[in-house]
Amino acid sequence: MENFTINREEKGGIAVLYIGGFLDAHTAPELESAIQKIIDTEQFKILVNFKELSYISSAGLGVFMGFIENIRNHDGDIKMSDMTPKIFRVFDLLGFPTLYDIVDTEEEAIEKFNS
Amino acid sequence: MENFTINREEKGGIAVLYIGGFLDAHTAPELESAIQKIIDTEQFKILVNFKELSYISSAGLGVFMGFIENIRNHDGDIKMSDMTPKIFRVFDLLGFPTLYDIVDTEEEAIEKFNS
Amino acid sequence: MTNTAEKKKQQPIAPKLEGEYTLRIPSQTDNLELIRGFVGKVADKVGFDAEEVNKIELACDEACTNVIKHAYSKDNKESTLDIVIKVDYQKFTLVVTDHGKGFDPKSIKIPDLKQYLAELKVGGLGIYLMKTLMDDVVYDINPGKNNQVTMVKYFINAQDSELHDKGKEK
Amino acid sequence: MTNTAEKKKQQPIAPKLEGEYTLRIPSQTDNLELIRGFVGKVADKVGFDAEEVNKIELACDEACTNVIKHAYSKDNKESTLDIVIKVDYQKFTLVVTDHGKGFDPKSIKIPDLKQYLAELKVGGLGIYLMKTLMDDVVYDINPGKNNQVTMVKYFINAQDSELHDKGKEK
């Protein structure tokens, strides 16, 4: 039973992370190290696709908070796409939509990166 | 959340029961009363289709034991079809395949009733 | 858009199941999934809709995560986490207990979200979430003995009852 | 059950998770699904394959069904069912405890299957199933206090060890 999955693809200079399953205090370190790896290669345009994610707790949200300042200081961003209503509700409860670019589709996010 | 489902169809004088979900000490009375209803109408050819059943305990097995003698005394039978390997394993563990006609498909069971 | 005020959702008028459910489990992050699964299933059987079940699971996760992260010293292998669910006709109560070092709940500032987001802080959202997700959240701290957080969801029919008000005063 | 101190030895085939998991739940058939779900998830996390997980779930269900059906008088609303799972490097132990009237395990005849089937009996298969599904099944009866059935699955690596033989003798 895989409780958290993470896959990376490159789309025209943007690192796309596909996350799935449960993102909680147990699995958050996996996401943390995946993002750290991207930053280590001096890449700062990151898109996280939430399509397969079925659960998130504040430990998962904290991962994004830990990187966003540094990434934006490097003219980069973490954009987010394909959230189910369940996941979006948690982001919304904490006002995260004012802080992060949360869009419906990957294409939209890529367009925003390129504009 | 429906934990046990049961549907009845008539196929040429045979009462076919489609059971699904969990058949345990909590849900066994539902199966019992469904079979009792069939017998109350003097019908004794019963086929139970296990396709959608995902769990059975001895309480479920006991339901069949409770009716089989009476049904066979009336020249009828309870035949069983479409068991998943998980369900068949429980029947097998108790030697039930020597006692009951357990076949792969509904068609096979119906043929056996008609021969 | 900032945090939308939570609208009172349709709650079960009467619980489909009453009684007490207790779970004691090692205080480790790899048990969070197990805990959510159990608590979610009980909440579902009680009759909460999927959205409410999700809220209860998340509130419970946050409380348990706090125990795992903050209650015990790292090398304590005997550390346990107790979860008790009590369901009666008026409310669903979830109690998470640890036997660790405790803390002063009054010292915890509930973040002002706007300021919080502006400062890009990491963490400090767990208790805020619990309070947002549940109707009542009350701490009872006895360091080294037991430290409890009690979280309640009231059923609609009990919403305006005297008993409910009594519960709130605790 | 002895409370052996945990020896942290690296074993060739080791459980992915150790520790103690306790569940206390009202003694009612509508909780069987919840119990199986919980026990199955723990067994899965320990590393048993799907077939073994199914066996453990079924053995646990049979023990709990017996408590629900036989341990308490019908009108006892306070009746509870305790399930404890203990996992150490050599075995997976499942203990089901009730506080009801008890019974004499020696008086229970394990059915001869052929004869059983010939007689078309209803019931009386639960304990037989438990013994078939698990490596060890031991009753400890103290009527009105606690009545326990302890069911064990040994991990392959511990199969031939002295400790395993000791376990069998209990």
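Note that the chains are named A, B, C and D in the order they appear, and that numbering of residues resets to 1 at the start of each chain.
Keep this in mind: a residue touches a chain if its C-beta (ideal position, glycine included) is under 8 Å from a C-beta of that chain, and two chains touch if they have at least 3 such contacts.
Only a predicted model underlies this, so the values are computations on that prediction, with no experimental measurement involved.
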{"item": "Chain whose Cα centroid lies at the greatest distance from that of chain D", "value": "A"}
{"item": "Distance between the centres, which are taken as Cα means, of chain D and chain A, whole angstrom", "value": "43"}
{"item": "CA centroid of chain A to CA centroid of chain B, Å", "value": "50"}
{"item": "Euclidean distance of C-alpha centroids - chain C vs chain D, Å", "value": "31"}
{"item": "Interface hub residues of chain C, defined as touching at least two other chains", "value": "30, 33, 45"}
{"item": "All pairs of touching chains, each written as two labels joined by a dash", "value": "A-C, B-D, C-D"}
{"item": "Residues on chain C engaged by chain A in the complex (per definition of touch)", "value": "1-4, 6, 29-30, 32-33, 36, 51, 54, 57-58, 61-62, 65, 68-69, 113-114, 117, 120-123, 125-126, 128-129, 132-133"}
{"item": "Residues of chain B that touch chain D when the two form their complex", "value": "3, 22, 24-26, 55, 57-59, 61-62, 65-66, 68-69, 86, 89-90, 93-96, 98-99"}
{"item": "In the complex, chain D residues that touch chain C", "value": "6, 17, 19-26, 28, 30, 33-34, 37-38, 41-42, 45, 80"}
